[in-house]
Every structure is written in C-alpha cells, then in structure tokens.
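Next come two complexes built around chain A: one with chain B, the other with chain C.
And now, the complex of A and B:
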C-alpha cells in the first residue's frame, strides 16, 4: 500500500517539475535581459530540478522492481536535490554580481538601477 | 496496475517534456547575446540534465546514472564560480 502511495506522490512531483522546467525554459528564451532571465533560471532550476528529484527519490523508494538498488538511487537523488538547492542560488548570485560589476550584461529596458546609484558593487 | 508498469509509463511520458526543456535551454545558449546569459542557460541546462539522468536511471533500472548526476550538479556550480571570477578580475583563481 505504501509503495503505491510513494510512487503516486513521486510521479505527481515529477510531472509538476517537468511542467515547471518547460515554463522556466520558455521564460529563459522570452525575457528581455540577463537580470530578468535570472527569474526564469530560478523557476527552471528549483521548480524544474529540485522537485522532480524529490519525485524520483520517492518513486525509487516505492518501486519494488528495482530491488536493493531503490534505496541507493533514492538516496542519490536526494543528495543531488539537496546539492542543487544549495548550489543553484549561490552560483547564479555570484554570476549576477560579476555580470553587473563587469558591465557585460546590459540592463536594457531600464527603469531604475539602484545598485548603480549606490556606486556599484564594491 | 502494478507499480512497474505505472512507473515506466509515467517516466516515458515525462522524458519528452524534459527533452523539450533541454532544447529550449540550448536555444538560449546559442542565442544568448552576452556571456552571462550563456553561462546561466548552461547552468539551468545542466541541472535539468541531472533530473533527466535520475529519471532514466529508474527507467533503465541502472543505478550508475544518478551518481553521475551528483557530479554534474557540482560541476555546474564550479562553472558559475569560474566565470564569475573571470568576469570580475580577469583571472581564474589559479
């Protein structure tokens, strides 16, 4: 009974993650400049990679046909899910700071740039 | 419906969706005007690939695939930090 429940929850998370992933990818293509694309990257990475990995972990835990490998693969997906949760924001934040400081990413439809007014990134 | 049939059908329906997302990210990698755009798209693409590997690992019942996903996630982060260091101080921290 529990295996069936785990697999159902896992596959629901996987499908939601896949939809989030396509939305993030669409946003990545349609947004005007780099700093707006950071939002699309967050949706695409956290919604499209963290949740499906929790989903695959639950599917792996619930699927009997994998035998002893299911704990192995479930644990592996949980570890990479935790890693992505920590690394993705840190990496994109470092990238955004460097992009703004080195002025390679131009703020195209610019209404106001408070970071520039405060004298940029020290 | 036994669990194996359910799992294989679910994963075989979500794999094309992930492939579509991969292609869209790759379009942004090719099109991206500035370097940070490309690196951001590659970052998102790599984390998407990690999920792809985990799902395929379950689909093909081979436990080695999700392990490569863990290393891939670490490499995507390292790429971000290298590019960030390069953009700020024109040095790669070696």
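And now, the complex of A and C:
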C-alpha cells in the first residue's frame, strides 16, 4: 500500500519536473533580458532536475522488486538532488552578480533594480 | 529559425532510430550476442584465485589492464603528463608573487559558503574513488581529477591568494606530486627487490606470481582484497595527479602582468 503511494507521489513529481522543464525552455526563448532568462533557466534546473530526482528516489524506494539496491538508487538520487539544490542557485547568483557588476547585461526592459538603487554591488 | 527547427527535428529522429537499432538489433544486421574470445581471456584472468599464475587478482578489469597487463605503457603515459607539468613549471620559473591577504577578494559570501559545504563531500568521493580503484570503475587518475576540483573551486570562489594563505604554495604542490611519483617508482621495483633478497626470478612491475617468477605482492589484507600492487599504484597516482593539477591551476592563475614583466626582463638582459 505504502509502496504504491510512494510510486504515485514520485510519478507526480516527475510530471511536475517535465512541466517545469517546458516552462523553463519557453522562458529561455521568450523572456526579454539576461536576468529574467537566467530566472527561467533556474526554474528549469530546480523544477526540472530537483523535483524529478526526488521523484525517482521515491519511485525507487517504492519498487520492492529492485531488492536491496533500491536504497542505493534512492540514496544517490537524494544526494544529487541536494547538490543541485545548493549548487544551482549559487551558480546563477554568481552569474547574475557578475553580469550586473560588469554591466555586460543591460537591465532593459526594467521594472525595478534594487541593486542599482542600493548604489551598485557591494 | 525554420532551418534550426528542421535540423533539431532531424537530430531527434536520428537519435530515436539509433536507440531502436541498438536495443532491437535490427537494421544493421544481426548483433553479435555471444562472448568474444578476447573477453573470455580477460574474464578468466583478471580475478581467478584457482589459477594463481595467470591472474591480476582484481575484479575491475580496466584497472587490472592499465596497471598490470600493460603497466609499462601506462607508466610512460604518466611520464608524458608529468613532463608537460614540468614544462609549465619551467616557463613560469622565477616569477615572484607578492603575498597578499585574501580578505576582500573572491566571489560573494553565498558562493563561498556553498563552496565550503562542497569541499568535504568532494574529498570523501575522491578518496573513495582512489581506494576502491581496484574494485570499482575509477582509479588513481580519475580520483586525482576529482580531487583537483577543490583547488580550482578555491581559486575561483576565494581568489588565488587564499591558497597562499593556507600555505599551499607551488613548492609544496611540487613536493607532494614528487612524493606520489616516488611511490609509483618504488612500487615498480618492489618485486625485483624481493626477488633479489630471496634469490628468485622477478620482473619489474610484477603484481602476482608467474610460472618462472614466483614473486607476488599480497593480494589480501585480512579478508579484504587489495590486489597487490594495484592499490599502491592507484594511491600514488592519486597523490601525483591531485597535486600536479593543483600546481597547474596555481600557475595558470598567476597574473598575466607578472609573467610578461618577467619575460620582458629576461629579453633585455640577453
């Protein structure tokens, strides 16, 4: 019963991941400037890689027929998910900060730019 | 734009067709399903405790082939890599770096914290790849490459002056790399020394006993398999590659101005 539930939840997470990937790809193509495109790419990474990895871990935990190896598979997925969770935001943060600091990417069209209002990057 | 779409769709179709060919075995004629004769030789000799004169005592065939079956070949490949490093050390000789405090350099605090979180995991993974090189895919070079990611990350996230702050200088990296190479060299000659002492035949780079050379390095410690010389080669290569790459990264991150100043200075003298 619980195994079945785990597989269902994992599959739902996989579908969410696929949807996030599509949305991220659309955003990469359609968004107007570097910073919002970076946002779309991060949606693709966190939504499209973090959720599906949690989903595969749950599916592996719920698949009795894999034997003992399901704990290894699920554990590997969870560790990769954790790494992506801490590394992807740090990477896009470094990119955005560098692009803003060096004025390589122009913030145009601009709604609000708190970094500029605070007097540049400290 | 339309051209890109056509190319993308064609690529997708090709990938799907190729995967069907590989899995179903149709299209390119019948796939070979048996075990090839060369494979049978390796399967019978990599780990075979019943035939102690023809075995490398390692379940990982790639490491066994690289360091035992064709050990000399690997030795010279390694030599090429370290000669390249020595070449770059020679190019960058005599460049004095002024010591600077790393405070205030590097990327933002977020990146620094994430890098600090990553480093212990990286050390654990690299060490396990090196110590399990004779059991699972991996080995000394791969482990060293994984370990060399750490100085790379430190240089990028904390600035190169941080390496000087933690006393990881060019000299130390060169010395530790030399320790690793010395380990490889000693492991090459250990069987010969054992043979000379006991008055037996032995070859250089020998791992397990052969018919006319009954010298073999211990394949087991207690009940755990260490595959004789393979673990020693892997650990030494791990040390040498880690600090070889570290040295290269330190050299590559030296400011261009300093290097040019040095080169110009030499040009004036001659």
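The rule is simple: the second predicted complex is superposed on the first by the 112 of 122 C-alpha atoms of A that agree within 3 Å, B and C clash if a C-alpha of one lies under 4 Å from a C-alpha of the other, contacts with A are read in each partner's own complex, and residues count from 1 in each chain.
Operating definition for what follows: contacts are C-beta pairs under 8 Å (C-beta built on N, C-alpha and C of every residue); 3 or more make two chains touch, one makes a residue touch a chain.
Since this is a predicted model, take the numbers as computed values, not measurements.
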*Should A:11 be classified as contacting the first partner (chain B), the second (chain C), both, or neither?*
first
*Could you look at A:60 and tell me whether it touches chain B, chain C, both or neither (first, second, both, neither)?*
first
*Spot which of chain B and chain C makes contact with more residues of chain A, would you?*
B
*asked:* So in the superposed three-chain picture, is A:48 touching just chain B, just chain C, both, or none of them (first/second/both/neither)?
replied: first
*Identify the overlap between the chain B-contacting and the chain C-contacting residues of chain A.*
83, 87, 90, 94, 97
_chain A partner contacts - residues on chain B that touch it in the complex_ = 3-4, 6-7, 10-11, 14, 17-18, 20-22, 24-25, 27-28, 31, 34-37, 39-41, 43-44, 47-48, 50-51, 54-55, 57-58, 61, 63, 66-67, 69-70, 73-74, 76-77, 79-81, 83-88
*Using the touch rule from the top, collect the residues of chain A that touch chain B in their complex.*
3-4, 7, 11, 14-15, 17-19, 21-22, 24-26, 28-29, 34, 37-38, 41, 44-45, 48-49, 52-53, 56, 59-60, 62-66, 69, 72-73, 76-77, 79-80, 83-84, 87-88, 90-92, 94-99, 101-102, 104-106
*chain A residues within the chain C interface of the complex*: 83, 86-87, 89-90, 93-94, 97
*What part of chain C is in contact with chain A in the complex they form?*
107-108, 110-111, 114, 117-118, 121
